[in-house]
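Labels for the chains are A, B, C, D, E and F, by order of writing; each one numbers its residues from 1.
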Amino acid sequence: MKKVEIVVDSVYLSRALEILEKSQVSGYTVVRDVLGKGERGLMRGDELADVFKNSYLFTVCDEETALKIAEEIKPLLKKAGGICLLSDVVWVPH
Amino acid sequence: MGAELLLQNVLNPPVLMFLLGLGAVLLKTELEIPQPLPKLFSLYLLIAIGLHGGYELSKSGITADVLKVLLLAMLMAIAVPIYAFFILRLKLDVYNAVAISATYGSISAVTFITAGSFLNSIGVSYGGYMVAAMTLMESPAIIIGLVMLCLFAKRNSDRINWAEVFREAFLNPSVYILMGTLIIGFLTGEKGWKAMDPLFGVLFKGMLAFFLLDMGILAGRRIGEIRKVGVFLIAFGILLPIFNAMVAILLAKTFALAKGDAFMFSVLCASASYIAVPAAMRLSVPEANPSLYVTLSLAVTFPFNIAVGIPLYYSVTNTLWG
Amino acid sequence: MGAELLLQNVLNPPVLMFLLGLGAVLLKTELEIPQPLPKLFSLYLLIAIGLHGGYELSKSGITADVLKVLLLAMLMAIAVPIYAFFILRLKLDVYNAVAISATYGSISAVTFITAGSFLNSIGVSYGGYMVAAMTLMESPAIIIGLVMLCLFAKRNSDRINWAEVFREAFLNPSVYILMGTLIIGFLTGEKGWKAMDPLFGVLFKGMLAFFLLDMGILAGRRIGEIRKVGVFLIAFGILLPIFNAMVAILLAKTFALAKGDAFMFSVLCASASYIAVPAAMRLSVPEANPSLYVTLSLAVTFPFNIAVGIPLYYSVTNTLWG
Amino acid sequence: MKKVEIVVDSVYLSRALEILEKSQVSGYTVVRDVLGKGERGLMRGDELADVFKNSYLFTVCDEETALKIAEEIKPLLKKAGGICLLSDVVWVPH
Amino acid sequence: MGAELLLQNVLNPPVLMFLLGLGAVLLKTELEIPQPLPKLFSLYLLIAIGLHGGYELSKSGITADVLKVLLLAMLMAIAVPIYAFFILRLKLDVYNAVAISATYGSISAVTFITAGSFLNSIGVSYGGYMVAAMTLMESPAIIIGLVMLCLFAKRNSDRINWAEVFREAFLNPSVYILMGTLIIGFLTGEKGWKAMDPLFGVLFKGMLAFFLLDMGILAGRRIGEIRKVGVFLIAFGILLPIFNAMVAILLAKTFALAKGDAFMFSVLCASASYIAVPAAMRLSVPEANPSLYVTLSLAVTFPFNIAVGIPLYYSVTNTLWG
Amino acid sequence: MKKVEIVVDSVYLSRALEILEKSQVSGYTVVRDVLGKGERGLMRGDELADVFKNSYLFTVCDEETALKIAEEIKPLLKKAGGICLLSDVVWVPH
């Protein structure tokens, strides 16, 4: 299985989740309020508006879905900043 | 403006707490008011101002005079972002001009509250309908800004989603809570306010002081970025508020507003948003640089208004109304 | 029930704040009161009600009348989850029937508090020992529910850990804090209350209003799930509280409770838990669907009681006591 | 070394940690209050009770221990929901 | 010390709330006050004590008597960590001796506040400059501790960064906020305090009680580690505070301090830091074991002072001053 | 690309970030306030001071930089505790 990790500006979290839902992943996990630094500078998350704050989310899915998500999230990350990572994991079934 | 008026304004716990927060960052003390405590304070202040404004409105009723003030507020909320946009276009691209002009077209509730507390301390009163005026003035700038964007930017792909824009403008949390508590205060009147007063009235100044400590910290953190903002924008962040306040005072004089109302109106026009509008701009105009509009509003205009603007606008009003 | 009583209840800042929170979700405003602020409010309310109840109890003493009320409370806390269980079994499996009946057998402190604030606003008083009754009524339903589970479910593996269940029932944070502050209020009496009154007494109504804003938001978020809950459960979530309240009022009349106490007792029986019991059920009966019991309690019964139930139960009590 | 990642309902966090302790891992890291969506629906974490809230935890250990943990956590995840992932990492010694 | 004095101290809502928090952990109730709510309370208490102290100072002025108290405070803040270090070296390595002696050389604002509330409840007053004394006593122990480290430890690599140490000592958030609000209270005087009193004065005792609930929980969580701390350190954590208090009382008598001031001074010397100093030590002396110094200060000395120390030091002061 | 994950005592977070900055990573992401257990015992994060609290951070970079960071973070982790992990990821470009 593939793990898709995404860091995105918090104001765009719901858009990112929409993309996941559309790709019909079986689930996802979100850590709100992570900080970070990247091209767009420091995101300390201390402003009153949700500007300057990131969210970190990941989903586990098969390779095909992962590549689809990676493709569909690109325009959002281009516009709003953020990163998208892919890696291999084993999902222990239960 | 007399030096003693300036001193009287600065030697107030709320303003000094702001300076304390500012100093905490400049001296690198690691003092912070962690999230979501600032949200608690800002929610508290919005609810308090809404309930109290609604209560005052229930006493005065919605008269022709009130409607006059609301119309003036509406007028300025539309005019300011338009002329601000053209001034900004002298030096900036369309996107940043849109975002900054929207920021200055809208208002800052905390500046309004601090001005109210200043007015209160020198024994001048203002009408509860000024809170309604403030609520009215939050949103239009967002719409105007995006209309400007459509007119002057050449974005073909990814067109503006107007339904979402209107929701962001009129149903963002600040506007919603102010509007809602204004109505609640209005509906429940005297009896309702008596029950809410101990929390939302009596404690108000203390909570404002507490919150301004945090505003000082946030402003302090942005101060390092002021240099990046450039001289043009810094001048803009100080001169535009003064200009807006003067226009407001003249309008208020022309339409014979009461002194306290005129002053509060000038403060509304002079203040810039750092909560509702930046959130909306980040979403609708991602091409604009949030470091610019947040820094300018929070680290230049807000402190200027709190420390110098308020006594300045008051002394002008005072001279004209006598 | 007169329309003006209903209006008098609704035109109260706390109830209106609840509606404001509800509206915030329905209008998709993104207003939220981020964690752990709701915990601050719920802790505050529990401590306030405990300290004040204990103080009142220290004034009245623990008389035969008080014991009578406590016994009645105990009785209903055992009876309600039993008959609720059998009603629910008509349509649901054992697990969900257990979880929901435990939810309705226990109580909601915020409903109790809102009722107290309503009573207060119409000038009727109630005994401080009602808080002790409330505390007593929180836990038994959890135990009864799990006894039902043992009797009627065929789980062999993974048997119930009774030690943990009793701890969950009698030492969950809500019960513990209520019990503890009740004792503190009782022990420190007049003098203690005088020191605590400014924070835990005077500010009470404002804090309740603030918290109800959040309750409205939480209820609003669950409203989308009401459809999934089904007609049977929605009817259950409205009719069972009414039935419980009527049984309570008749019992109270039979045993000659005072009017205010009878009303508060009926509210306790009518209310359903959305903090302590759901947490316990999630742990002990994972087979049950939390969306069902939390949604029913938070998005159906709680708003119903707050808006309609309280004036309804009051008007019945008022008719009977005159 | 293997990294074992677990997302579990917050009310069951202490049970999950017990399983790790029993397997004698050298340590673990926990992010409380993450949100998520899976079979059991949306966990927004905004309820007053800790219902509808997840915790995310990971531990780094050798392969054998990892498989043992995966085996022992299964019944808990089956009962209470959640996921368990395995992946390869290099633990930089210090 | 009369039993009734002890009882009078314990039968106070704040102290009972501390015990309630302690009990919550011992009974495994899962009660917690999640971050950052404790930060809200500790910030509130620091601001309140600073503003009030500054206000009192503005009334009394900075007299020779005030300077005398400040000098005595400075003296003890330097002496305590030095003799504590040598006592600790009997059993501990240099690193832990440094960290623990710094912890005991500094002060605990909540202990000070609880003592003030106790004094208040028996009708004795103390000077606002005691807050200034407290602020002065926070930092020196950190410096002294690190000087000891330089003298007695043989660390060659990774030498101490004195600039950072001084910043940690004099500009840590607690010291900064106390100092800052003290100055604000002093500058804004009567008028400023009147605006701040409703939040930072009237609510003070209730907030203290609320916060002590959390302190009880934190202390309770550390109680399991007391065994690991060892008999020597437990004895140290009780006897050193008593010894420090007695030295302070004798000094106060020698220099003719007023009774209330003498008592508060003894409490300052007896108390140990659990916020500012542990944070500084974790950074500057990572070789020391934080479980030792935090546990000792929070789970041994703090509860001892709150429950037994305060009435004990008071009864000694009372005997000497009559 | 390599993902470097670091768990470190929160009081040392700024030092760890300094090391990343010095190694000229293109960005990083930080989750403040994670809990954990390791050699130095339980970090519950509930103290008033920031003692007993961890931060979790990760950065994505090329292998060379990753090894450099791993090397430079060692003394800090030795002194203050914590862990450093390396793993393979694919960074989806945008």
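Note that in this section contacts are C-beta pairs under 8 Å (C-beta built on N, C-alpha and C of every residue); 3 or more make two chains touch, one makes a residue touch a chain.
Only a predicted model underlies this, so the values are computations on that prediction, with no experimental measurement involved.
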- Message: In terms of touching chains, how many steps apart are subunit C and subunit E, taking the shortest path?
- Response: 1
- Where the contacts of subunit B and subunit C overlap, which chains show up? E
- Query: Farthest chain from subunit C, comparing Cα centres?
  - Reply: F
- Message: How big is the rotation, 0 to 180°, that puts the C-alpha atoms of subunit D on those of subunit F, in steps of 5?
- Response: 120
- Query: Using C-alpha centroids, which chain lies at the maximum separation from subunit B?
  - Reply: D
- Note on the structure: Per the C-alpha means, the centres of subunit A and subunit E lie apart by a whole-Å value of 46
- Interchain centroid distance [CA atoms averaged], subunit B/subunit F, Å: 40
- Of all residues in subunit B, the ones touching two or more other chains: 32, 35-36, 39-40, 203
- Message: Going by the contact rule already set, what residues in subunit A reach two or more other chains?
- Response: 31, 87-88
- Task: Would you mind giving me the full set of chain pairs in touch?
- Result: A-B, A-D, A-F, B-C, B-E, C-D, C-E, D-F, E-F
- Which residues of subunit C touch subunit B in their complex? 11-13, 16-17, 20, 23-24, 27-37, 40, 121, 202-203, 205-207, 209-210, 213
- The subunit A residues in contact with subunit B across the complex are 9, 11-12, 33, 41, 44-52, 79-80
- Query: Which residues of subunit B touch subunit C in the complex?
  - Reply: 35-36, 39-40, 43-44, 47, 51, 167, 171-173, 176-177, 180-181, 184, 187-188, 191-192, 195-196, 198-200, 203
- Task: Give every residue of subunit F touching subunit D within the complex, in rising order.
- Result: 5, 7, 31, 34-39, 54, 56, 70, 73-74, 77-78, 83-88
- Message: For the complex, give me every residue of subunit B touching subunit A.
- Response: 32, 35, 38-39, 42, 158, 217-218, 221, 274-276, 278-279, 282-283, 286, 290-291, 294, 298
